[in-house]
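First chain written, first letter: the chains are A, B, C, D, E, F, G and H, and each begins at residue 1.
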Amino acid sequence: MDANRLKTLLEQVRTGEVTPDAALDQIKTLPFEDLGFAKVDHQRALRMGVPEVIFGPGKSPEHFVEIFDRLAGRGNTVLATRVSQEQVALTLTRFPQVEHNPTARTLVLRQGSQEKLGKGTIGIISAGTSDIPVAEEAAVTAEVMGNDITRLFDVGVAGLHRLLSNSDVLRQARVLVVCAGMEGALPSVVGGLVSVPVIAVPTSVGYGAAFGGIAALLGMINSCASNVSVVNIDNGFGAAYVASLINRL
Amino acid sequence: MDANRLKTLLEQVRTGEVTPDAALDQIKTLPFEDLGFAKVDHQRALRMGVPEVIFGPGKSPEHFVEIFDRLAGRGNTVLATRVSQEQVALTLTRFPQVEHNPTARTLVLRQGSQEKLGKGTIGIISAGTSDIPVAEEAAVTAEVMGNDITRLFDVGVAGLHRLLSNSDVLRQARVLVVCAGMEGALPSVVGGLVSVPVIAVPTSVGYGAAFGGIAALLGMINSCASNVSVVNIDNGFGAAYVASLINRL
Amino acid sequence: MDANRLKTLLEQVRTGEVTPDAALDQIKTLPFEDLGFAKVDHQRALRMGVPEVIFGPGKSPEHFVEIFDRLAGRGNTVLATRVSQEQVALTLTRFPQVEHNPTARTLVLRQGSQEKLGKGTIGIISAGTSDIPVAEEAAVTAEVMGNDITRLFDVGVAGLHRLLSNSDVLRQARVLVVCAGMEGALPSVVGGLVSVPVIAVPTSVGYGAAFGGIAALLGMINSCASNVSVVNIDNGFGAAYVASLINRL
Amino acid sequence: MDANRLKTLLEQVRTGEVTPDAALDQIKTLPFEDLGFAKVDHQRALRMGVPEVIFGPGKSPEHFVEIFDRLAGRGNTVLATRVSQEQVALTLTRFPQVEHNPTARTLVLRQGSQEKLGKGTIGIISAGTSDIPVAEEAAVTAEVMGNDITRLFDVGVAGLHRLLSNSDVLRQARVLVVCAGMEGALPSVVGGLVSVPVIAVPTSVGYGAAFGGIAALLGMINSCASNVSVVNIDNGFGAAYVASLINRL
Amino acid sequence: MDANRLKTLLEQVRTGEVTPDAALDQIKTLPFEDLGFAKVDHQRALRMGVPEVIFGPGKSPEHFVEIFDRLAGRGNTVLATRVSQEQVALTLTRFPQVEHNPTARTLVLRQGSQEKLGKGTIGIISAGTSDIPVAEEAAVTAEVMGNDITRLFDVGVAGLHRLLSNSDVLRQARVLVVCAGMEGALPSVVGGLVSVPVIAVPTSVGYGAAFGGIAALLGMINSCASNVSVVNIDNGFGAAYVASLINRL
Amino acid sequence: MDANRLKTLLEQVRTGEVTPDAALDQIKTLPFEDLGFAKVDHQRALRMGVPEVIFGPGKSPEHFVEIFDRLAGRGNTVLATRVSQEQVALTLTRFPQVEHNPTARTLVLRQGSQEKLGKGTIGIISAGTSDIPVAEEAAVTAEVMGNDITRLFDVGVAGLHRLLSNSDVLRQARVLVVCAGMEGALPSVVGGLVSVPVIAVPTSVGYGAAFGGIAALLGMINSCASNVSVVNIDNGFGAAYVASLINRL
Amino acid sequence: MDANRLKTLLEQVRTGEVTPDAALDQIKTLPFEDLGFAKVDHQRALRMGVPEVIFGPGKSPEHFVEIFDRLAGRGNTVLATRVSQEQVALTLTRFPQVEHNPTARTLVLRQGSQEKLGKGTIGIISAGTSDIPVAEEAAVTAEVMGNDITRLFDVGVAGLHRLLSNSDVLRQARVLVVCAGMEGALPSVVGGLVSVPVIAVPTSVGYGAAFGGIAALLGMINSCASNVSVVNIDNGFGAAYVASLINRL
Amino acid sequence: MDANRLKTLLEQVRTGEVTPDAALDQIKTLPFEDLGFAKVDHQRALRMGVPEVIFGPGKSPEHFVEIFDRLAGRGNTVLATRVSQEQVALTLTRFPQVEHNPTARTLVLRQGSQEKLGKGTIGIISAGTSDIPVAEEAAVTAEVMGNDITRLFDVGVAGLHRLLSNSDVLRQARVLVVCAGMEGALPSVVGGLVSVPVIAVPTSVGYGAAFGGIAALLGMINSCASNVSVVNIDNGFGAAYVASLINRL
């Protein structure tokens, strides 16, 4: 029951078609979200150009394409992350227009408004080359959500000059996504060089005591730079999502 | 705005005192819980004889008594857990009728209905003597929530005969709360002996690799007995709370 | 040796057929459970409609079917959980009447009494679609153990309206099983909405710092709702088992 | 050496006052940050109204006041966090105009520009009353950094109605800081209700398997809401710092 | 009810003094351990010269002495471990004949048989001087349980010559207790030098990543020497207990 | 250089064949173990009937057989543990007389003395059927090392009657090896029933929070029974090795 | 822009060819490292005979060879570590002169100066045969970096005589790399025998509570020998790198 | 028995004073280290100017001074670390000439040779001011062991300019000790700037998820800079010890 239906009901009360008691009963038994005054504004995100998102792992290619199809039917841009080779193959037979980014492991079907919603640039930074898939997932997500992005890859802390000689990328971004594995030190260093928000993404890159990204996660959570906040291990999508919301402000 | 007020509003719509549009505006701007159809039934617990509860740690004696006073004013039984010596002393000067159980570290002010809500007996079991404070917290909580209880203390698995020779306690209970530290094996053994729900409480009793109750918690979560579920370390209150809800069924 | 046999023996002592010494020897050499006074009442569960259960993992299809066959021979309902494709295929060739639930990964052979032992409804809730296999395992188990169940799936905390607009499911259940991965927050939210026992099942759904269900397990053990108790990660069977015992009270 | 001084030096080279060799030597021996092309723009934060900050723990009252005095001398607002009773007492004898917030455990000396730099409101939310000190630290920090703030305290997930009936606070904020201990579920729930960035702060509130905030931290890092990023346990200051940077955009 | 009493009962059945039904009732209502066929031989340990043991921590001096008194009344040797200064002081006023070992933190009251039950020597070895309290607890326990012991202290692996030049201690022992903190390497080295059982005791000695004995515990559990088994951190008592049982064989 | 050679050298010194200086040089440059006074008595184990042992994992079948061949050449019994199908197949083609135990995953080639070195029986106990491979590895090892063994399998704590009705196995053993996964409670229960040494083997059986045997390991290390010591997860070999040394005393 | 170019620029300012403003602009827009005063001396390592290094895992054979080719083009020795069979096969078809060490899992292409840069010998020690791949990686790395090396393998602490009878290897080394898994005790023992730096490498060898090298890592970090420092699990390359830098001093 | 005594013995064999058999017996019964061919060269460290060291924690002031006295009697420099106020006070009354460094928490009694054994400078670097006690412990240790040192404190990664503008300290050191808490990123950054060995010291500085230094330890062990090796948390002494051995080469 949306606002229109509620208004109709009230109108019917006014005209005497429906008694107040009957109206009360109807209102009481409806789920509150149908009342149309939506305290829970779950439609807002959709209106703001957030794509439909599918998380690939654990879905059979057939099931994956079925979901993809259903979401595509809503008319919005569809973004699939962490897609497998099999999911890609089957999807492309059905949706040849889909863009596949093999590094980011993403599929994108562009639909609806492609408006630039971001007001500035989001800088996407990776510490090593092995972190690039996560950084690319962030880049694709941010781009699909209507942002200009700049990439700055392979600028880890053990070769500081690479980072410093590209400081213009840092300076010009309105918000930064920084992906790093192993000791996860890059967000702290970047955070100390800029005064904009830094979204840190620990990656599962590393071996031994890297513990699949835990060392990097701990490093970032304990960052001595005050402008750093952290998302889950390998969560390039989430970091770009947060950065996009910030960049729209 | 409760149901009465909503009905009045609808009545006013019927009589033309209030236009449908104005009514719609009023309904839309109200918090939904005031609408009186209370999907969120947060009053139910209160009606069922659950006491007001204060968790003692971290509260200054003055602040503690102030909260105690305010809750007592609502007319329900008040239960305070993990109370310190200082909190007890100050409370007793203000509320001499309060019952202090030094082993359980609880204070109880009995008020309102003292109805027996539990339909059977809750068995409260402890593995060692050091687990008794947690078990007593459970016992006091269960008793305050209107249950008959039986205690069976110091019947740990390394002396199985103590447990087995008291099997009538196990047999007669409708639900069991089992407190154990160290390896936390008792709930599994008890669970294998009965066919009623067992609420397991890991305690922080032990040293070295007991890790303040983690070993016991892991033991209980991995119980090979299917009728065991687990609450937080030292959470005698929570176990008795769950057991009380079960015993009312 | 049950009570009858013991009585017969005593009768024989009375009549002089058996000497006291011979009787003493017989009593002493028997396992105590055979004495018939069953301190360890391991038969009770069976009498109460609990099925025979097989845990699939780690068993070869041949060995699996052999166990299935043996248990089926006892005349009770047989429930197999976490079955593999191979175990299913081989079992169905032998027991075509077995019901296979591919989502729950269960096999059920119904035999003996199919009495409704549960007195109310068990609500089975899942946070996300990926948690459904665990929730379905709980649903099948609860149903096989003689309960009415209601399913409420994909109502995770990040979309609260889905949960709230189905609050009747919560309201009508006598006990709830709530399955959630990732941060495992759903049992706390559900626990705050109801005043019946909530059995929380952490699932291994998630990635990165989800640590195969540890994050969800910790979240549930630390629940701020007092009516929540917890079983092992992915243990839908155990949760339904506990819920069934509660629902019979 | 800033750009002006470098230009003067070049002018002197042009006029012959300084030889190229002498100029080269001067340039080479200076720390690069003095060269005025400041790739490392560590002055920017200061210009943007960020206060001078002192972290209280581990400093003797004398040492604390000495640092406070030195920072105050720079003319900026000074913020001290996690101050002890002793640090407060000694500081107030020296700086009677300092504002002490005992709940937040902060000291603030307002100096220089008190401009409103934030463009909207920062919502500061706490799950329980025990989380308020961390939330207040965030509130004081955000306010000192030039933001309007709204507080919404004690709205934990086990009593969802408290949160939902205050949804206007959520709706009106440009960015949210959400503090929660125990299972740390509140940021996920809040994140699902809004479409602005949520900065989650795990607190060390809880006991047993709360592990001093680890359970809450894991819960937040694994949040199923995509607009959540996380800072360190009890780091109210850091969360407000990030939120302030976002609110200035 | 022991075998004699059961026989008497059966005799009474035979003579008609007691009816079979009455006998059946008596047998059924008795705890099974009283039936005299004692599957659970919990008296055996006592008969073998195991002392009564009190674990000091967490007991008030008054409560401690009360327990001490009660155990002493049974006529066996009493051993108290991890005793506090206050417990010692109060106990000595009541039992002046008690032996206090301040390094081992033990109290011993010798009573009853002081027979040498151990057939050989137990070697008690410590890696560093800080491990000596744990080693002394083991030494006192082993001695009280009727064993000859040899001490070999401060022979850690970083000074191998100290160990090797005392290899006669190793050679002559029938079983070894080896206490070590930090990396816990000594049991592996000792285990490689002897062919008797080695009971390893990790101690909480160390700092930083020693984690209160976890590093040592892990080291010992992973020992590459096959004759090593492990007890809990700082559990000198337990190690000596196991060693004593072995030495009696 | 053994004692004979050293004596010969000294004889040559006596006769003048070798000068003292030349003898000194020879003695100094030899590895000390060759001096024949064997402080490091690494030959003792061998003399006592300990088999040659190969740990299968990580070895190619070819490499495995090569090692097997070399060890067999020394004339002692050879025991290979955790052997793969491929290792078995290739070994049997070369050594048809080798005994393969597929449950224990062992290969045994009997050679040399097959003397009974153990003085009593070693009881090998498993909690569940899934723990049997580890228990069988212990059984094969103990048997190869010259011990009589009794098996008692599938007697976990959730069905205590199975354990109690076989208490004669416990009573008659001189030392016990107890294998259990999940919560690892069985060694504590067994330890409380007997007064002989119990060697506890945590197994990796379980799922979820069993953490591959960590829960069981922690449970066993924290055992409230004082006669329990612990070896590594799944280390059936090591437990039997320790038990064998004990049984020879 | 190096010092020469900067001097030229200043000269042009002097002569009036370039105005001070234009010069200022040029200086400001250049990356600081190009200024020629190179605070960040990232070229130094290269000049010192450090090879180009490729970490194999996660790279497709094609991508691997492409990187190999590019690095080879710089004229320096190329070292690839942890190479897969596929990477080796493809590389050898393109670079037949490459040396493949299958145990170390390395590829080496020797180019440029092969000078002996190390001043003494680096001892490479392994505890067990399973640790040899890590030790060999260290050996190859150290050799490629211009060092003499001695290998001492399979000298673990459970067979101390093997280590002690080869003490000349220890004595003659200028720095030692010690690789060990399981309890990781060897570096402590070696550290106690020598007075040169010991670089400890925990390996992932072991099972159960070895936790993939964590037990060994903790053991080494807690070493009671003061001359031990530690690198990551299985990081033979890193250990040899550090040792090589030390050996050049 | 040293080489001289052994030679004398051989001489006696030659002259017939001692029979070969008697000589053999003497040699066999002596501890091998007395044989004078000292495979275990535990005297070497002492000869190289390593001070006698006392670790303060856990020692009573009286016991501490007693040990100090005994070590001082050997004529070498004595270094005490982590000393308490009480230990300092008592020691200074007995040894007024002792140097007390309250920041480093060290006591030093200089005796014997004060030779400069280090060939270059050891750079001691700290990330924050809270890390200075650990860095000072390293500085005092390195200085006492005969090294020139340079301090560079409070140059953490969030303010990179402070580090870079002091790069001469980095450039001139022969080996570096880098102390950092929180995320522990500084050693990686420093390691990337230099080509000498970096000894990383994690400190327990930080809060929340810093876990008393674990986050920093993990960060350093996973360093992406190849010239970094790590010692225990807060182990400034150990780092300086390793650095001193390196600086002597």
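The working rule: a contact is a pair of C-beta atoms (placed from the backbone, for glycine too) under 8 Å apart; a residue touches a chain by one contact, two chains touch by 3 or more.
Everything numeric in this text was worked out from a predicted model, so none of it was measured.
Considering every other chain in turn, the ones in contact with both chain B and chain D prove to be A, C. Under half of the residue numbers at the chain F-chain G interface are used by both copies of the sequence.
More than half of the residue-numbered contact pairs at B-E reappear in one of the options B-D, B-C or A-H, namely B-D.
Chain A and chain E have Cα centroids separated by 59 Å.
A separation of 40 Å divides the Cα centre of chain D from that of chain G.
The distance from the centre of chain B to the centre of chain H, with each centre set as the mean of the Cα atoms, comes to 55 Å.
The multi-chain contact residues of chain C, meaning those touching 2 or more other chains, are 32, 39-40, 42, 159-160, 164, 192-193, 208-210, 214, 217, 221-223, 232. Working note: touching chain pairs come out as A-B, A-C, A-D, A-G, A-H, B-C, B-D, B-E, B-F, C-D, C-E, C-F, D-G, D-H, E-F, E-G, E-H, F-G, F-H, G-H. Those residues of chain B that touch chain A in the complex are listed here as 3, 6-7, 10-11, 13-14, 16, 19-21, 23-24, 27-29, 31-32, 35-37, 39. Taken in their complex, chain H has these residues touching chain E: 31-34, 40, 42, 57-58, 202, 204, 212-214, 217, 232-235. For chain C in complex with chain D, the residues that touch the partner chain are 127-128, 156-160, 164, 182-185, 188-189, 191-193, 206, 208-211, 214-216, 218-225. By the touch rule above, chain H contacts chain G in their complex via residues 39-42, 44-45, 48, 50, 119-120, 164-165, 167, 171, 174-175, 192-197, 199, 217, 221-223, 226-232, 237-239, 241-242, 245-247, 249.
Contact residues on chain E toward chain H in their complex (touch as defined above): 130, 159-161, 164-167, 207-210.
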